[in-house]
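Two complexes follow with chain A in common, the first pairing it with chain B and the second with chain C.
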Partner chain A sequence: MRPAAVVGTGQTHHAAKRLDVSMAGLCREAIDRAMADAGVDWPDIDAVVLGKAPDLFEGVMMPELFLSDALGAVGKPLLRVHTAGSVGGSTGNVAASLVQSGVHDRVLAVAFEKQSESNAMWALSVPTPFTMPVHAGAGGYFAPHVRAYIRRAGAPEHVGAMVAAKDRRNGALNPYAHLKQPDITVESVRASTMLWDPIRYDETCPSSDGACAVVISAAETSGPAAWIRATAMRTEPTTFAGRDQVNPQAGRDAARALWKQAGITDPLSEVDAAEIYVPFSWFEPMWLENLGFTDTGQGWKLTEAGETEIGGRLPVNPSGGVLSSNPIGASGLLRFAEAAMQVMGTAGEHQVDGVRTALGHAYGGGSQFFAMWVVGSERP
Partner chain B sequence: MRDVAVVGFAQTPCVRETDGTTNGVEMLVPIFHEVLGSLGLTKSDIGFWCSGSSDYLAGRAFSFVSAVDAIGAFPPIMESHVEMDAAWALYEAWVKLLCGEVDTALVYGFGKSSAGQLRRVMAMQLDPYVVTPLWPDSLGLAGIQARMGIEAGLWDERAMASVAAQSRAAALSNPLAQLSGSFEVDDLLAAEYVVDPLRRHDCAPITDGAATIVLAAGDRARELCERPAWITGFEHRVDSPSFGTRDLTTSPSAVAAGKAAGADGIEVAELHAPFTHQEILLRQALGLGDDVVVNPSGGVLAGNPMFAAGLARIGEAARRVHDGTASKVLGHATSGPLLQQNLVCVMEGRA
Partner chain C sequence: MTKPLSAPLDVGFDYTRSTGPTLGRFLSDLRRRKVTGIRGSDGRVHVPPLEYDPVTAERLTEFVDVASTGVVRGWSWIPEPLEAQPLDRPFAWALIQLDGADTSLLHAVDAGSPDRMSTGARVRVRWRADRVGAITDIECFELSDEPSDEPVEADDVTMVTTPVHLHYTHSASPTEDPFLRGLMDGRLIAQRCPACEKVYFPPRPACPTDGVPTTDQIELSDRGTITTFCVVNVPFLGQRIPPPYVSAYVLLDGADIPFLHLLLGVAPEDVRMGMRVEAVWKPREEWGPTMQNIDHFRPSGEPDAPFDSYSQHL
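On to the complex of A and B.
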């Protein structure tokens, strides 16, 4: 497998309704920034990979077909990836494999969601035979998992609010974030409306329109590069007897494979920053454990000690994360791109000092699809 | 790069309607059993899984999530999905094998078109701002393309009927085909139009079905298969969605994919042509001469399981290498309205 690197990243200004642009315009906003960042032009791009979550979220069947002109894909190979909420991460991994395999030299990965075109809550609530309905939306689905985590780990109630306050404050440092709340506090989060006990309004991701793009290349271009040291994807079924939905084995297996491939034996010491898919606050400590940064039941202690803040031992979501911007299909690629930006030193006000190794992480479905990568400053 | 081959293939019968759910599980379980059994493998021998399907065809979000239940994916598996015909899932799996991380992959696609009104569902693929609101259905669009080719002198209704007659006749030897039989071209031409200039025989039937292929790399392929179908060219391209700006009587993406994949010296080709005139168009685009045997299975005019049919074309072509009747074959898949996106997989047998 030959080395590949992220050589450019771009994203849109994320907002609840980007009524100023079409889907094509939204994607192009991210693509143009990524290509300018990489210093490449259309003839330099060999293939395009597009990722997004269910087509029902916009009401268009296979929208990459009508977007092929805007994506710069005409006359080139165009792949459309869809792996539920993890899709942004899978899009990055598939694009990386196109370069690592030697099939292409330079690939454009794009992911988007324009939630204002349709209604995600409706799209997730189409009744299907033999399948448990999710009428309460994703929050209602995940709240029992969070309660189970709190009970198992014996975590104090304020840890979730700490995550939310930290991520929203970080979001205020990110010019592209949907929510910017520099003055948010743990107390104000704890005073916000309870939506799905124990998840409060301020502990919940927004619904965003947005897109993200990265250029992945076999060779460096004009600027800095984030070399892809490892990628991993794992899947398990939504439901079966004895399934651990709080700490799913698919996530643990993916992380183990990822660290092994990257040659990392002690992730907490060796990773300098992490962009982890945290749509509800409590998923920060849950995924810290699932990823192997801490032992089981210990993740909340890292958060509570302030070690996941910018300047802490493992800054988590310096960009503000999914809690600050959630264009669903793009959210995973945003995590991957933000990890690359930390390594490339291009994260601006939310840059963590001295990042040489960073994690990008995404999950989807009923905590059953996992996609992740590790990027580093050194060519492997 | 490593050598990768198609070593196994299975598909369901093509039928007008199944009783199963739209997530494909009932169609997939038997063909997983068949393809793994034929190779002496179990699910734990598969390094990577990849599928192709469509939520709009299934009428629900996340239909592929339930399809994972057909695998029994625990312990967890390395898996991915494309919202495209599964021929593109095969491409993703081929790339994964080229990376060297795994040696085997199982690819599958499924579609239950009977669950909705297919020609109307397909209109959802068009530009949502300016085209879909007019609801041009898939037969109407194909009719426009067929008419343009007739007026350009590239084909006529008799040549189109001849494609249908050949497809039905070839399908007589395909027990999984939905439509087969011996027909005279004059009799076919006596039928009324469905959408002028298309008659019923010019259009692929509505089909429920699924297909699966197993890929393996290098020595693993040689262990599993006496005569692996080695992939020597695998390319795909897409055209503009704008009907007004591209020449609908040809397919630049098919021409480019065929050229890049090395579509010369082909003995047998399986073409994914849901309309008779598109088979003629694709033959021209891919430069397939009269000596090339096209669609010995009957092709999709004899059974068209959406999102599995392209993968099945590659499987049918590979089968001619496996059984020794051909040494260089081509499988083709298409996606999008009027052959917008095309994929070509060239495979060879080796002594």
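On to the complex of A and C.
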């Protein structure tokens, strides 16, 4: 496998409603920024990989067809990736593999979601006959598993609020973030409405319109590069007897493969920043454990000690993360791109000092799809 | 084998679409009884206009007025129109190149008979009286070489609404079928995997772990344990019960996988992981082939199950 690097990143200004642009225009806002960042033009792009969350969200079955002009894909290979909420991460990994394998020299990866023009409730829970309709959307799905985590780990109740306050404060440093709440506090999060007990309003991600793009190349271009040291994806069924819904096997397996490929034996010491897919606050400690940053049941202690803040031992979601912007299809690629930005030193106000190695992570479906990559400042 | 149970499943949603500057101009002009194209980098005029050039991928901005008359470049006769098609009588789908355009637009031609349709036929737009800024503002095309109605003034359009409706027949799988027929008799039918011996309720066609058919049928009682739960405080579209209420994973005694159901008869703040529960059935005359025969679960009054007895089901 030959080395590949992220040489340019771009994203939209994420917002509840981007009524000023079509879906094509939304994608191009991110793409044009990524291409300018990479210092490349359309003839330099060999192939395009597109990611978007499930079709029912926007009622668009084949975005790859109607967006081919806007994505500059005419006359080039165009692939669509489709792994629910993790799709942005899988899109980055597929694009990386096309370069690492030697199939293409330079690939554009783009992912988007226009949640204001979609129906997430319908997409997530079509009321099929013969079943008991007790679902309540994504929050209602994940809340029982969050409760199970709190019980299993013996975590104190305020840890979730700590994550939410941290990520929203970080989001205030990110010019592209949907939510900017510099004055949020653990107390104000705890005082917010309990939506799906134990998940409070301020502990849930927003619903955003947005897009993200990255240019992945076999060679450096004009600017800095984030070299892809490892990629991993794993999948498991949504339900089966004995499934660990709190600490899914697929996520543990993906992380183990990722660290091995990157040559990392002690992730907590060797990773300088992490962009982890945290749509509900408690998923920070849950995924810290699942990813192997801590032992099982210990993730919340890292959060509680403030070690996941910017300046801590492992800054998690310095960009503000999914809790500050959630254009679902794009959210995974945003994590991957933000990890690359940390390594490239282009993260601006939310740049963590001295990042040489960073993690990008995404999960989707009922915690059944996992995608992740490790990027580093040195060519492998 | 009897035919598995089936039921209609209709889903529908009115999707909205921000038009952006290019399609917005096109749709706004349709409302004004005008057809607008856009010039590409190679000089071709695209109708409908493209936001980005198919050759260079650059943003296109040079709008061009084209005529409301044109020529049929290809067609197909539709003898029996379907729901939501432009006309409710036989018509032709046609690729129509408007005068001044270099590309063809797909639309309906109200020709009356396939005998009157031909490639090369001259057609003109028949404008809808009540125009909203949508492709259906062109009601259809008609066979004529005369110009269409003159343009009028109208406000800009920036958003369109696209209703999507899907009509399915949802059929139960052969494995689900005995389970659903059991429910009609108030029985809870599960199946056991012959390899790992895990008991699935509701049953599956195959064990997800071993991939073998779950052939052994067993009947479970209607008592179980709450493994975990959430208190739903938020109202949402299509909600059946006013919040707050408890959505709980119920692990029936003898089953190896919990399922979601409603927990009532207890204050939400008093619900606990490990709480023992029993089914509350609807009146027998309301029973059908559905889990909704169980109206809800309620506490059975037994002591809580120890954590270790259900921790592997979280």
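Descriptive notes on the structure:
Here, the second predicted complex is superposed on the first by the 372 of 380 C-alpha atoms of A that agree within 3 Å, B and C clash if a C-alpha of one lies under 4 Å from a C-alpha of the other, contacts with A are read in each partner's own complex, and residues count from 1 in each chain.
As a convention for this text, contacts are C-beta pairs under 8 Å (C-beta built on N, C-alpha and C of every residue); 3 or more make two chains touch, one makes a residue touch a chain.
The model shown is predicted, which means the values in this text are computed figures rather than measured ones.
By the touch criterion defined above, A:61 lies against chain B but remains apart from chain C after alignment on the C-alpha atoms of chain A. Of the two partner chains placed by superposition, only chain B is touched by A:77; chain C is not. Applying the stated contact rule after C-alpha superposition, one finds that A:305 touches neither chain B nor chain C. Of the two partner chains, chain C is the only one that A:193 touches; chain B does not reach it. Shared-chain residue A:118: touches chain C; no touch with chain B. Of the two partner chains placed around the shared chain by superposition, chain B is the only one that A:94 touches, whereas chain C remains out of contact. Touch criterion not met for A:16: it reaches neither chain B nor chain C.
Shared-chain residue A:233: touches chain B; no touch with chain C. Of the two partner chains placed around the shared chain by superposition, chain B is the only one that A:1 touches, whereas chain C remains out of contact. Across the two superposed structures, the residue set of chain A contacted by chain B and also by chain C is 22-23, 58-59, 68-69, 74, 117, 126, 128-131, 237, 240, 243. Chain A meets chain B in the complex at residues 1, 22-23, 54-63, 65-69, 73-84, 90, 94, 97-98, 100-103, 117, 123-124, 126, 128-131, 233-238, 240, 243, 248-250, 253-254, 365, 368-369. Residues 1, 21-23, 49, 54-56, 59-62, 64-66, 68-69, 72-84, 88, 91-92, 95-96, 98-101, 121-122, 124-129, 131-132, 235-242, 252-253, 256, 335-337, 340-341 of chain B are the ones that touch chain A when the two sit in their complex. Residue ranges on chain A touching chain C, taken from their complex, read 18-25, 28, 42, 58-59, 68-72, 74, 114, 116-119, 121-122, 126-137, 139-140, 143-145, 147-148, 151-152, 193-199, 237, 239-246. Residue ranges on chain C touching chain A, taken from their complex, read 5, 7-9, 11, 13, 15-23, 50-57, 59, 158-159, 162, 164, 170, 172, 176, 180, 193, 196, 198-200, 207-209, 227-234, 236-240, 244, 247-249, 256-257, 259-262, 268, 273, 289-292, 294, 307, 311-314.
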